[in-house]
Structures are given as structure tokens and as C-alpha cells.
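The chains carry the letters A, B, C, D, E and F, assigned in the order they are written, with residues numbered from 1 in each.
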Amino acid sequence: MGKKVVTMGEIMLRLSTEGYDRFTQAERFDIVYGGGEANVAVSLANYGFDAHFVSKLPDNPIGQSAVNHLRRYGVATDYIARGGDRIGIYYLETGASMRPSKVVYDRAHSAIAEADLEDFDFDAIFADAEWFHFSGITPAISKKAAVLTEKALIAAKKHGVTVSVDLNYRKKLWTPAEAKEVMTKLMAYVDVCIGNEEDAEKVLGFKPGETDVTKGSLELDGYKTIFKQMKETFDFKYVVTTLRESYSASDNGWSALIYDGNEFYRSKKYDVRIVDRVGGGDSFAGGLIYGLLSSDDFKYALEFAVGASALKHTIKGDANHVTADEVETLINGDASGRVQR
Amino acid sequence: MGKKVVTMGEIMLRLSTEGYDRFTQAERFDIVYGGGEANVAVSLANYGFDAHFVSKLPDNPIGQSAVNHLRRYGVATDYIARGGDRIGIYYLETGASMRPSKVVYDRAHSAIAEADLEDFDFDAIFADAEWFHFSGITPAISKKAAVLTEKALIAAKKHGVTVSVDLNYRKKLWTPAEAKEVMTKLMAYVDVCIGNEEDAEKVLGFKPGETDVTKGSLELDGYKTIFKQMKETFDFKYVVTTLRESYSASDNGWSALIYDGNEFYRSKKYDVRIVDRVGGGDSFAGGLIYGLLSSDDFKYALEFAVGASALKHTIKGDANHVTADEVETLINGDASGRVQR
Amino acid sequence: MGKKVVTMGEIMLRLSTEGYDRFTQAERFDIVYGGGEANVAVSLANYGFDAHFVSKLPDNPIGQSAVNHLRRYGVATDYIARGGDRIGIYYLETGASMRPSKVVYDRAHSAIAEADLEDFDFDAIFADAEWFHFSGITPAISKKAAVLTEKALIAAKKHGVTVSVDLNYRKKLWTPAEAKEVMTKLMAYVDVCIGNEEDAEKVLGFKPGETDVTKGSLELDGYKTIFKQMKETFDFKYVVTTLRESYSASDNGWSALIYDGNEFYRSKKYDVRIVDRVGGGDSFAGGLIYGLLSSDDFKYALEFAVGASALKHTIKGDANHVTADEVETLINGDASGRVQR
Amino acid sequence: MGKKVVTMGEIMLRLSTEGYDRFTQAERFDIVYGGGEANVAVSLANYGFDAHFVSKLPDNPIGQSAVNHLRRYGVATDYIARGGDRIGIYYLETGASMRPSKVVYDRAHSAIAEADLEDFDFDAIFADAEWFHFSGITPAISKKAAVLTEKALIAAKKHGVTVSVDLNYRKKLWTPAEAKEVMTKLMAYVDVCIGNEEDAEKVLGFKPGETDVTKGSLELDGYKTIFKQMKETFDFKYVVTTLRESYSASDNGWSALIYDGNEFYRSKKYDVRIVDRVGGGDSFAGGLIYGLLSSDDFKYALEFAVGASALKHTIKGDANHVTADEVETLINGDASGRVQR
Amino acid sequence: MGKKVVTMGEIMLRLSTEGYDRFTQAERFDIVYGGGEANVAVSLANYGFDAHFVSKLPDNPIGQSAVNHLRRYGVATDYIARGGDRIGIYYLETGASMRPSKVVYDRAHSAIAEADLEDFDFDAIFADAEWFHFSGITPAISKKAAVLTEKALIAAKKHGVTVSVDLNYRKKLWTPAEAKEVMTKLMAYVDVCIGNEEDAEKVLGFKPGETDVTKGSLELDGYKTIFKQMKETFDFKYVVTTLRESYSASDNGWSALIYDGNEFYRSKKYDVRIVDRVGGGDSFAGGLIYGLLSSDDFKYALEFAVGASALKHTIKGDANHVTADEVETLINGDASGRVQR
Amino acid sequence: MGKKVVTMGEIMLRLSTEGYDRFTQAERFDIVYGGGEANVAVSLANYGFDAHFVSKLPDNPIGQSAVNHLRRYGVATDYIARGGDRIGIYYLETGASMRPSKVVYDRAHSAIAEADLEDFDFDAIFADAEWFHFSGITPAISKKAAVLTEKALIAAKKHGVTVSVDLNYRKKLWTPAEAKEVMTKLMAYVDVCIGNEEDAEKVLGFKPGETDVTKGSLELDGYKTIFKQMKETFDFKYVVTTLRESYSASDNGWSALIYDGNEFYRSKKYDVRIVDRVGGGDSFAGGLIYGLLSSDDFKYALEFAVGASALKHTIKGDANHVTADEVETLINGDASGRVQR
């Protein structure tokens, strides 16, 4: 059993149409269970860590199915409280070419959004843990969840756990002002900060350059300016962002940038033919944590994270079902896609 | 285009597992949209009426899919307001033999539960209408919905519309005390009352006999006592109940009883091999309204209703997809199931 | 390779809804290819005969798929002419309980209905053949097909081939008067005649007793009267009928009656839980031909035919996918349905 | 309810194999109902018009399912006559890369091909209508349908309705000589004419330049010559064509050209990764009608039409399930395919 | 976390056809992973025990999928060794009515059949365990597996663990003589012995009465004679058998008999409409172990086991997905199958 | 019926996940039956030859299903012996973009691997045959199979049959040393040798140039050197290789090279968007044999082979379901993918 790692957040029921069907054509939904931090936990379990997911799920068969989904992929579910009214839902239709994928959220009033501090024993949760990961979604889902997140961070730090965050601004959940108020406070506990320009601006107030995320272009200089400010303000160990170039819903460019206070390192770029891009960012975070926990080389960690998440784009569902060996093969140069017999 | 008939209530997204799969086995959900009064509307559209459904649905593609589902089956959707946060959901797994079907509700905070009076123009809705049907579920979903129901009933009566109710007590939505307070008041507007013993007791406070609904037995005498009280108290034109004998989740006996103040008439009984029993009661109500609107013979109406709803048990989904001709063939004696070429 | 047997008729594309879905619910059709005589050919191939099917199919990929379907199940397709406009189609929804299965035909203008004599070389077809089977459907589909059938029968008799017919009256294809005119003439070539009371009356004009085929009852005496007349009039070697008791679309009683001029023999009766009853009669004919070709005991042949066709009712599709061994096991007494490991 | 628009033609049952399966591999067909003018009607209903489809369908459950399909997507079906023998069918397998999609038609003898004038009340149909659209397929399916089309056009003009045509030459239905004889006469009623070079030559006899439609190249000058002739001969208000560059069955270039008598305007070009290209031209016509009815700017109308039909290529089925908002977003510049949350 | 219980054996990939399709009709296989002892482990996990499964699986993604299947349903997989050549397979087609279900095995050379003693640390496995269950299949799959089983039993006894066996004679794996030689020796370690007459005779040599397992009848007296001999010979604490009455592949009677040395107790009998009867006996064993571990009342344990396994017959797959509460509801009398809302 | 052609080898059950699902996500496997030489036989049957496949399959319904699969696609199965323990299996997950497809083999102990000489009558098999094709897989599966292959080759030569081989090195089946020992001997019987650089080196010991098959580059000069050596050593009539440029799992370049002793001819190159690349090489061999049997022009044969196999990449399954006409259309220049109506 590998090192103990912990993620905390919401896991939702994802209902996706078949193939490229639009919602109004659907007669069936495919089911997976996912959410930012849950997806990271699955990645970490795949890489051999003792990955724990902290959340709350209703005590009914749908909640149980979410637990089972995590167990199936090796995530420890002992820290998931049971109770509350409902599991959050998101509906997904998969785009193609110039038609974007579309997500409809129905996540209000979920069990984790209304969870209480008593639902969790953070001392037990963080005992012997080495890493804690959360995203900007968790404190956004409710006031109670924001408090919960801070308590978790305090406990994590008390136990000497390294902390990473994926800023992940969600405009349906809160305004930039609300985000800034809550998140600025939480940054004090964070060692590794992942976020793109939009996140940096909306969540932390750092002005990006002139990158227009609906364009395919990338403005590396803008990132460098922001990363320096972030590093200075919050003393992060690493500031990291993925760099997505959205050519279309079917094809994206995919790379990443990391800053350790000294050096900006940009990864190799992959052109990916997309099967399912939901969870791409989460698989990146999972890969980065793996890399930083397994090696002292932050450039290797970044390449691993980018390779892992490039592969995620070829896999249906929220979670990334690849082994560390498969990622290594890719980042060591075999992107030929030849059949492996 | 036939007579104008109106039903009002909630339509939900129904997510059912494939075949007899349990929730924890499911990788896919089949989608239909249904709810008591929506199901009645589909039945009435099938029988050639100009059937209108009154409700509120979110202005997103899932709400639109519910609208489309009704349109597909011929229900007029012009009176459906659009807006609100979400569509209610229910999850269904289909039982077999001694394993019961199981329903998990996730319907709180639905658009119709939080709809406002301004969402509906009841004068337009009931203009030229001949029948209005609602169930005890609608006023139970929220205080606002209870008020809405009463306003609808007042308008219906103003326009001289005949009113039917299916009492349909739902213990997850309210207590007997709450039900009694709201429903007793609404009964003043009702001409035709459908409800079994449990409903009569929980919703209106009439003591049933000793029928135990988990047993296969039927206690006709108990019904007669109650029906007389109901008739006297509320001056219903007809009091009606279905009589389900649950031999198992796979096989049921199915008949009904009607009382017109003079006579108790019990229908023919069918033994049904069940494909999908959800919506059985709604298809009964639909058949009864058809019968009473098409004929003066309440016994014929009851036989039509029972035949129609027996057929519903053989059809997947909430709604009853049969024509009046098909029901007539059955109640006129051909239950042989021979292939129709 | 076993004895050469030949059947001739129409093979159609069968489009059936999934499970018990009604046509108006369908989003998908399951595909098989079938038709009375084609189904008999599949049965005979399963039993080890060198079974040939004679027909005509359009020279397009749908026609090819029908050919492939027959090849898959071991039927020789060399005598199938290619050309014409279309393959006939029938749509099927499967009933349950008191709801009957429903068939919608779209078979006019099919390639076989418009086939010419030159499409077939009957001398080659019947060379070395031991049995020829056709049904009353083939001459009914068109005037040309009726002529074709007679030419085939003449050639068969020239080659000393035993001939069986399944009368199979189809009211959508012709009137009793038309049927009688054509079929009476063809009976001169027939050795084994299969048909129930309705067929006997509609096709050959023999008055049945008072059996009402929509009832579950059976009127054996009526059959005996008719069979004697049929034997006398046409000098059939055997007159045979299946005896279906339609309790419902889900459950039937199934047995048969044979008359050899001396003795009436009624088979064992099976109560069958139905998976797919289309092709039940065809599998009976297939079983009977097997029995009569493999043994001198017509009672054994009848029991084999009834057992084979009882099994067919448990198999989806038009054709009967059972081996002779499986039929033997059943008719020798093991109807327990215990798992065979 | 928006402006009343009317389309008339054949709606067929489309049976398509799953994924990229060839016909000979298929065990299941996916079902949609579509046809040129029906597809235009669905587009127009999506954009908020009161869209009516005029046709005839058999009075059986398959015909009803076609009606239901249209209702589901908001098309008014009151002008669809019921009766006749059958619904036309087309089989579809979807190509990929260098393997083309393949269509097998089985549409002869359909209800609309054999419909009578008495089946339609054109005065009622065109009362208050603002637009009528038909294609060159409708008059091609039968002599009776050609007469019907002319009668419809006369009535449309009597009611002051704007008329558009999509020339759509189908070599399986008629010869160029036959097409020219019928279509030339009908052009007198047409305001907006859509057709590519092949159509212009085969249907109206205008010589195209040297464009070879099996090549990827485009010969704009040839179009200009032809468009001028068409405009002069028939006094069309607009002459329009789509410009498809078939790189392969998986990837196409897609743009369009319009001529108003003064100016040739070529739209933006999209490179589309194809999900389903059937109905691409119909979605273009639907978009163009929307554009011309909603704005005075024919260039905007063309861009809308091209954007709408580019999106159609990403959607399974014959019809285009997009809203006007979605098209606007695309033509205003966001083709990035980023997930919309 | 509940009491630690351990089962050991083979888990196979089960490939089953859809619905009632025969093997020769199949285009798809449904996948589950199951085997006698694995199925028992899933039952025990469902009832809240800390259930461990001991086996060996190949170190490839198919082996991993089997591990994941167990994890999904809560079984601890830490004691599963990884390596070897292959996972055993069994193919299943589901019978109906008089057509039996059919199993084709392809299990030779599986990882567990060729596992070594070094693959398992039995001291760790049985530390703190309270129950160990195995079946007669495990020692039958190979000589090495027979040795392994004995070593496991020795270790279990050393740790004071209660042992149960399900005799489960498999004629494809060994002869009665081979079975007797191996199994007789192993019975010394067994406390609770489950086996029907055929098992008792083939595995242990006790002559059954005249029960013919292909008949529906039951010969209780024969069982009593045998049970007494078994108890005397091996000093079992309990001797138990299920009593299956195979009316057909669709309907069975289901009950059980237990003997504690003093008293024969026969359970309530259920008539079950079968969805999937594979694993019925395993779910019985799981229920019995639950009952005996949770209560001192062996009659209650038997009723629980019978109720649990009756429910299993309504659930697809090898494993029994029911909670203890659901079983209690059934055995306390509610077999009505009414919808649970 | 065309010329008699024979192929010999193993046919396996292929179990593939749906879409791009990874093995650990699969709940269902799609079923086809395939293997190198069986795939070639299907190609040859499609092109109108009397194609025979020689192998051995277990006498159970799974073996029968493999036989049926071949029959469906027109391959004669009379030379398939029945018996043995099992059919070989391979599991397939389909890759996308930079994620490779993955094959897991479970083929040891298959019926053909353990077949005896007595299972086949090679004199009958090769009587009147014109071509025999085998691959380097067949002699690799077992020592017995290697002997069998040699006996087949001797018989083929005795009957004057032309022989082709696809070297197809499989590192899971044997080492280069083992391959060389067996294959060198067999080359004496071969007329046409197909193999890429890796095969040439591993199987025959010819040193390739510096082509790295995981790169997209191609090293034509290396091939030329090797081909000359091969020609000289074994006096092949033709030496041939496909040239795959693996840009990714989704897109490949595809062409081929042939050497007749005089001239090196490289075919046109296709860029293929991949649906299923398994069997690509087999479809090439099938096309090449067709070309060489139908024409004296080896360049045409190569173009046909490359066009045929390019099309195969767009078709799901192991086998190539295209007609010679479809290949001709492609190689004559229409790669536009326009819909064929």
C-alpha cells in the first residue's frame, strides 16, 4: 500500500447522453460518478497510493453506488459520511467539431453542501497522510462547505501534510468577489497552486494578460507575470497551470507551465483527439501530485502530469484510468498509438 | 380535436435501471418523463382528447426534453411555464417475484414546487375545458403548490369544469395531519374521487376496514363503509378505487370498485403479468375520465378504466400507450393475447 | 451432409422493438430475417439436413444480409435469385399478459412476389431432394408467386420428392375465395398437410367445429371431423395441426394432433412461458419433417415437432435454434429447466 | 408562437446501423424519421416558428411514430393526412475516412407518393402562412406528387406566401429530362432557389463549369455564370448554393454562396469533423429561411444558414437540433468547442 | 467494520448472452465476475462483514477487472495474489420455460488452479478471522488447489476459525472417486456442511434416497437418512441442504433443510419467478453464515438464508445484491412485491 | 463460384470493449470471431472466391458460433475439424489519439494448437485449389501446429497450389530463434512473402535498416536491401510489405511496397482515420491475393491490396467487409467519401 493521500470535495452523479447525442435526443443516460477531487483520488489510487476521499453522500442506493464506484477504482471510502438529502447531479452532452460539450448542473442541496463538521474526524483523516488536495469548487458549493474546507486545511497543516489546490473557478456557484473573500484566506495553507489565468483573476484577483480563452492562442508572458505575483503573495512552492488550446471540441492542444520561484518550465505539448475532456484538469492534478510525491524533479512531475492528462482525454468518464507505466511510456516518447499486444 | 381536458401537477425525470438490475448494478439509466397527472394527460391524448398539462419546468435542455416527451405523445404543452431551478427526479429499479420495485425520490426544490401564481393564467387554461384532474401529490409537494392547486380548482369550477382527484397519499411528502388539513378543503371542488383505503384514511381520515395492503387479500366491505362516508361528507358524484392484489412483484390481480351513491359496482378482475406497474393508477384515472366523458354508463367507464390500466401494466414507462380501440377489444373479451397481424 | 431438403417462399426483414416496447416507444429495431419457409429451412439445417431455401432477394446490402443470415445458420442459399426492387418487411412488437403481440406488414412488391419462372431452375433444385415444404403464404403473395409455386410442385413431384404444406391463411393477403381457388389445385401435390381449423375453413372450405380461436378451449371433435374430410378429399398421407391454447400473450398451452387415416394421435401438452412466439408453427413444421424423415413412427415425429416448437417459444427471433439432441432431451422427459453445466 | 411556415414532402423511416457498422454487420437499426422538407420543418420549429409539415402517412403505428417524432420536436402535424399503404424507408450506413456513407432507398408506393389532392386543404394550409418550402424530391417521387406540388405552389402564391426550393436532384427518382420538364414549370412560383451545380444542370439544364463533385476543389467562377443565368431566366430573388469540399467521409469543408442579382457573397468556411452529414443541406435551407424571415440582411442569413448546417454535421439523425442562440454563438466567432457549463 | 470472514476459491469471468439469447445468436456478452466463494464473499460484505476473498488472478487488465468487481461490492482483495496465465471463464445462456440455462466452462489452467503455497500467507489471512468458507469446487480444479485448500483449512483451524463447506460436486472437474478421496479428508476441518443429495453421494459416498433431481418432487426422508450419517461420520455441527423444485427454467420452488443433530427443520418455501438462478446456492451459503454469526438461532439462520437466496433468483449476475434489511422484510412476511417508495 | 482458395490457422473469439472503453470500465464485450488467416478467408469470399478455412474448433456452442460467423460471411467451413478443449480468446480495447489499442491474449491450449494430423485430409483440401495462405502465427502457436503447417505446405505444393505467407512475428508466442528455426524451413514452399522489417529480422534474420516502428518515419532504403536478400535466399516470386506510419492511434498513413526481383513499386499512400485497425494486415493479404489471382499486373494487385486494407481500417471487427467494386472505386480515385445514394 502506498503513501496516504487525501482529497475532499463533492462527488456527483454524472448523466451523459450516448455518443454525441444532444440532450433532447436522449433515451438513455450513461452513468458515472465524478467530481474534481474524487477524480484526483481515482488517479492517485491508480498510481498505487492509499488514496482517501472525504465527502458526504445520501444513505440511499444512489449514494451507495457512488461509494461503490470509488471502491471499484481503489479509492478508500471510509471517510465518506452518509446522510443528507441528495447526491448532486450533472448532465453532460458531448460536443464535436465546433459544437461544444454542454454541462447542466443540478447540484444544490447535496449532502456534502449541507454536511456538518461532526460528519468528519479530521485528526483521523490526516493522521499519517502525506498530501491533501482540494479545489476551489468545494468551498464554493455552500457556506458550510467553505467552513469545512478551512477546518480540513487547519487539520492538514497540523499533521504536516502538503496541500495542493486547483482553483477551478465556477461562475454558476459564486461571484469573483465571493470567491476572492473565501479563497484568499485558504491560500495560506496551500503549497502547490494550480490554476489558469481565468482562475487567477476570478478567484485571486490577479490580472491575466490578454489571453482570450475562447481563442486557440496562448499568452505565456501573461502567465509569467501572474505566477510571480502569486508566488510572492502566497509563498506557494509551485504555481502551475495547464495550457489548453481549443482548436475545436474534437481537437485540443494540451501542455502545462510550472514555476518554482526560479524557473518557468513549459512541458511538451500534445495534440489530442478528444474522447471525453471532462476531468482533464483533475487528471493533471493527480499526475502532478504523483510526480511530486515520487520524485524531486518538478519538471518530470509536470511532464508526467501532462502525459497523464493527455491520456485522460481519450478515456470516457470523469476519471483517468491509466497506470503510471502507461504514462511513462507516453512521456518517454511513444505516442505512435501502435497496438500493444 | 376532441374535448379539452386539463391536468396539473409535477412531471419528473424518471431514471430506471435496465431490466431487473438493482441500482448498485446500473451502468445506464433509461429515461422517461412522468408523474401522476402528466401520465393521465398522455392517456387522454391517446384517446383523442385535446389534453393539456399544466406545470412548470426549468428553462434548460432537460426541462425541454420533458416538454418534448409530452408533445411526442400528443399532449399540449402551451400551459407549461418555464423557469425555476430543476426538474424533480425519481430513480426506479424494477422488482421481480418477491423483490419489490424500489423508488428513490429526489424531487425537492423542483420548478413546479416553487412556481408562482403568475406563472399560470387559469382563466385561459380552463376556458372551454370539460374536465380537470389533479392528484393528492400536487398540493403535497410544497405550500406554494397547495395554494396553486386551490386557485386552479376555483378557476375550474368558475368555468364549469368537472373535477376529479386521485388522493394518492405520499408519506415522504407530508404527514396525514398535513394532508388532511389541505385536502379536506380541496374536496369541496371535486366531483369524482379516486382513492384506496390507505389514501382515504391518511388523506381524509376515514377509517378503512382491516385490509392490510401488503397482503393479497381484499376487504370489500371495508371499502363500502368508507365510500358511503366519503359520498356523504363531500357529495362526490362517484367514489372509486382500484383493487390491487399483490401476489408478487411479477403478478398482480387488478380490478376496481365504483360507488355512485346508489350502487357498488365491481369490475371484472384481471390477473396481470407485470412489465411495469408504475403509472398503473394514473392509467386507471385516464381511462375513467375517458369513460365518463364518452358515455353515461359509469359501469362501462369503470370497465374501460380497469382494462386500460391492466394493459398499462404490460407497458414500460410511466404512461399508458394504448388506444381506445385496444382497450375496447380487451374489455369485450379478447384477453387471449393472440398475435394481431 | 444430411439429406437434401428444400423450402420455398418469402424471407422478410423483421424489425422488432426492444423488450416489450410498443412501436410508438421504439428508438431501435432488432433485426432478424425470417419467413415461414425460411424458418423451416433453418430448423432443418440445425437438425443436420442439407437444407436449401428458394427465393428471390434484391441485389443490395439488405438482400445480402438476409442471405448471410441464412448462411450463418447453415442454410444453403445457392438457389436464391438476386434482383427485384425490395425485401418485404414486417414490424413486430411483443405483447405480454393480455396485450397481444402486433405485426405490421409491409411486404407488397417484394422481389419474390415479382419473381419470374426464369429466376429458378427447378430441375436442379429438386435433383436428389427428399422433401419439399411450402406454405399457403407463398402462393398468396402474388399471382406470379402462385404460378411459381405450382411449377415448383410439378417439378418436385417429377423428382419424386415428398411434399408438405402449412396452410397458414393470411387474411391480409387474400380472401377465402381466392385462397380456395389457388390452394385446392395445389393440394394435389401434397403428402403432408398442416393446418388448424381456421386454415382448413378459409383455405380449403372445410367447416370447423365451434372452436373459437380467441378462447383458450379446444374442440378436438371438430378437428377429427375435418381431418377425415381432408384425408378423403386430397388423399394426404398425414393431416396435422398444432393446438394452441392462448391463455395470454405470456403463457400458452401447446400440443398437436396428427391423423394418418387410421388413428388420431394427440401429443403431450406443454405449458410454455413465451419469449417469442413468432415462428412457433414453422418450428413445428421443421420438427415434423425431421421426425418423418428420420423415423417411421409418426407419433414420435409429432412428439418431436411439438417439443421442438415448444422450445422455439423460448427463443427470440423467427427461427428455432435448437439441436435434435436438445429436443430429444425434452421429449424424453426433462422439462425441469435445470442448469446444464 | 412565431410566424407560420409550411413545408411539404415525404417523411421516411430511416434505419441506420450503429456506429460505423456496415449493413452486413448490423444486428440493430437506430430509428429516426426524416426527409428533406420534414428536416427543414424541425429546424424552423427549433427557431421558434409555427412550423407545419404537409404530407401523408399510413394509418398504422409506424406512421403514428413518424407523426410523434415531428411533434416531439415541435412541428405541427395537423396537415398530415393519414392513409395509404406504407411509409417510405431508407437504410443508412455511416462511412468514415475514405469509405463513403451509403444509402439504400425503399420508398416506392409510399402514402405521400400515392396521395390525392383531396387529402389536403391548401387554402387552410396557406392561410396566414409566410413561407413555403419544398424540394425537388417531392415532385420526383410520383406523377401524382408532382401535380400535388404544383397545386400547393398555386395556393401558396394565392395567399402571398414566399416560396423557396431546394432543387435536390435524385437520380434514382427521375432522369434529367423528366426533372427538367416538371421543375422548369414549378420555378415560376419560386422566390429563393437553392441548388448546387449538379442540381442546376440536371434539374434546370444550366451547364456548370468544370467542378467535379468527387474532388475537393471548388469552382466559384462556374457558379457565378450559372447563378446569373438562373436569376435571369426565373427572376429568383436569391440564388444560393452550399459549397461542400469532401476531403473524406470524416472531414468536410463547408461554406455557401448567395447571389441577389447584384452581388455574390461567399460565407465563412468551416472545417467540420462529421458525426452525421445526412440532412446537412436541409439544415442549411432551414437556417436560410430563418435568416431571411428574421432580418433584411441576406449576408447574415447566409452566415446563419452555414453556421446552422455546420452544427448539423455534428448531430446524429436527419434533423438539426440547435437553437438560434447556439447558431449565433458560433457565427459570432466562438468555434473553440470549449465546454459550456 | 464487521467481523472478519474469509472465503477462498476461483473467481471467473462470466460471459452471458443478452436476455434469453442462445449462444449462437449472441453479438455481445454481458460481463460479471463470479464463482462460488467469491459470491459468498459479496453476500457477506453486503451484510456488513469485513469479507476477504483469497484467490489468484493474472496480472493483466482482465484480472484487475475481477479485483475491481469485488472491490466495488465491498470485498477486501488484499489476499488475492497476482500472476499466472489466465482467468477462468464460463459462458452462460439463460433458459426459459422448458429450455434449461446452459453453462460452458473454459477454466483449465487458470491462475488459481496453478497457484503456489507461497502465494498466500495463511497466518495473516486467518488472524482474527471468525469464519472460513470454501466449496468442493476449489479442491477440484487442480491437485495444487486441493493441497492449497487443505493448508488453508489447517491454518483456519489453528486460528480457531469456524469452517463451512458447500460440497458442490462438479462432474466436469473430477470423478466421484477423485472427489471422495480428496473431500473426505477435508471434512475433518468442517463445522457446517452444505450439500444436496447428489453432492452427498458423489462427493462423500452417502447414498441418497430415490430423489431424481430432474423431477420437481422432493424426497425429504432420503435427506434425513443421509444427514444422520453425515453428522455421525464427520461430527458436523450442522448439515444443511437447499431444496430446489425445478418446475421449469422460469419457476422454481425454493426452501431448505437443516439438521443440528437433534432436529430437522425445514424452512418456509418460496415460489420464485427466476431472473438469474446462477449463484442461488452461494447466496444461500452467504445467508446461512450471516445467520449463524449474528444469532444463536439456527432456524432463524436457515430462514434468513432461504429468504436471501430466494431474492438472489431475482437478480442478474452471480452475486446477491441485497441488504440484511431487505432479507428481514421478506422473511418477516412481506412477499407482496409492492413498490417501495 | 469463383476459384478455390484455402487459408489455414487459428480463429479466436475476440472480446472487445464498447467504443473506446478501457478493460477496467467494461460491462459488456462485443463479439466477433477472427484471426489472421480467417480474416483473409473472409476477404476472399467477399471478392467472390470459393474460400475455405482450415482449422479446428471445440464441439460446443462457442465453437459453433465461430463456424457460423465464417459461414455468415461466405467462407466454406467443411474443412474445420471439431473437438479439443477450447477456442482461443483475445481481448481488445480500442485506443485513441496517443493511447494505443491493447490486446490481451488467452490462446494457449486452443483446439487448433492441439490438433492432430488426422483432423485434416490435405489431399481433399488442396484438390483443385489455386492458392494457399498462412501466416507466421500458425506454426508459432504450438509444436504440433508447426508440423501441421509443414504438412499442409507439402500437400499444397503437391497439388500445384500457389502459396503466400504473412510472416507476422508474435513475440508472445515464440522467440526469434524459435521462429527462425521453424520458418526458414517453411519458406521453401512460399511464392509470395509478406512481412515488414521487424518480421524479416525476427523471423528470418534479415537485418532491417534503422526504421523504428514506434516512429512515424519510414526507411524505404532499408526495405530494399532486405527484399533483395529475401528474394535471393528463398527465390520468392514477390516480396511485399505494408508501410504503416503511426501518427497516433487515431490516424495512420498506409501504403505498401512490392518487389518482383526487378522493380520496387510503392503504392499510393492513404491517410486513414481509424475505426478499427485490427486485421489491417490481413485485409492487405486478402487484397493482394485477389489482385494476383485476377490480374497479371502486380502493381494493380498492390494498389488493390492497399485500397482494400485502407477501407478495412474504417470497419469494426477483424474482417474486411468490402466488395471488389468498392475497392476499385477507391483506387480509381474517389476518396471523397461523398454519400452514395
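Keep this in mind: a residue touches a chain if its C-beta (ideal position, glycine included) is under 8 Å from a C-beta of that chain, and two chains touch if they have at least 3 such contacts.
If you want to know which protein each chain is, UniProt gives these names: A, B, C, D, E, F = Sugar kinase.
Not measured: the values here are computed from a predicted model.
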Cα-superposition angle relating the copies chain D and chain C, to nearest 5°: 180
Cα-centroid distance, chain A relative to chain E, in whole angstrom: 42
Approximate Å spacing (C-alpha centroids) for the pair chain E, chain F: 45
For chain B, residues contacting two or more additional chains: 22, 24, 27, 68, 73, 102
Topology of the chain contact graph, where touching chains are joined (line, ring, star, complete, other): other
Pairs of chains, among all present, that meet the touch criterion: A-B, A-D, A-E, A-F, B-C, B-D, B-E, C-D, C-E, C-F, D-F, E-F
Chain D partner contacts - residues on chain B that touch it in the complex: 68-69, 71-74
Residue ranges of chain E in contact with chain C within the complex: 19-22, 24-25, 95-103, 105, 170-172, 213-216, 246-251, 277-278
Contact set on chain A toward chain B in their complex: 15, 22-24, 26-31, 60-62, 64-65, 68, 85-87, 89, 91, 93, 102, 104, 106, 108-109
Touching residues on chain C, where the partner in the complex is chain E: 73, 270, 272-275, 310-311, 313-317, 321-322, 326, 330, 333-341
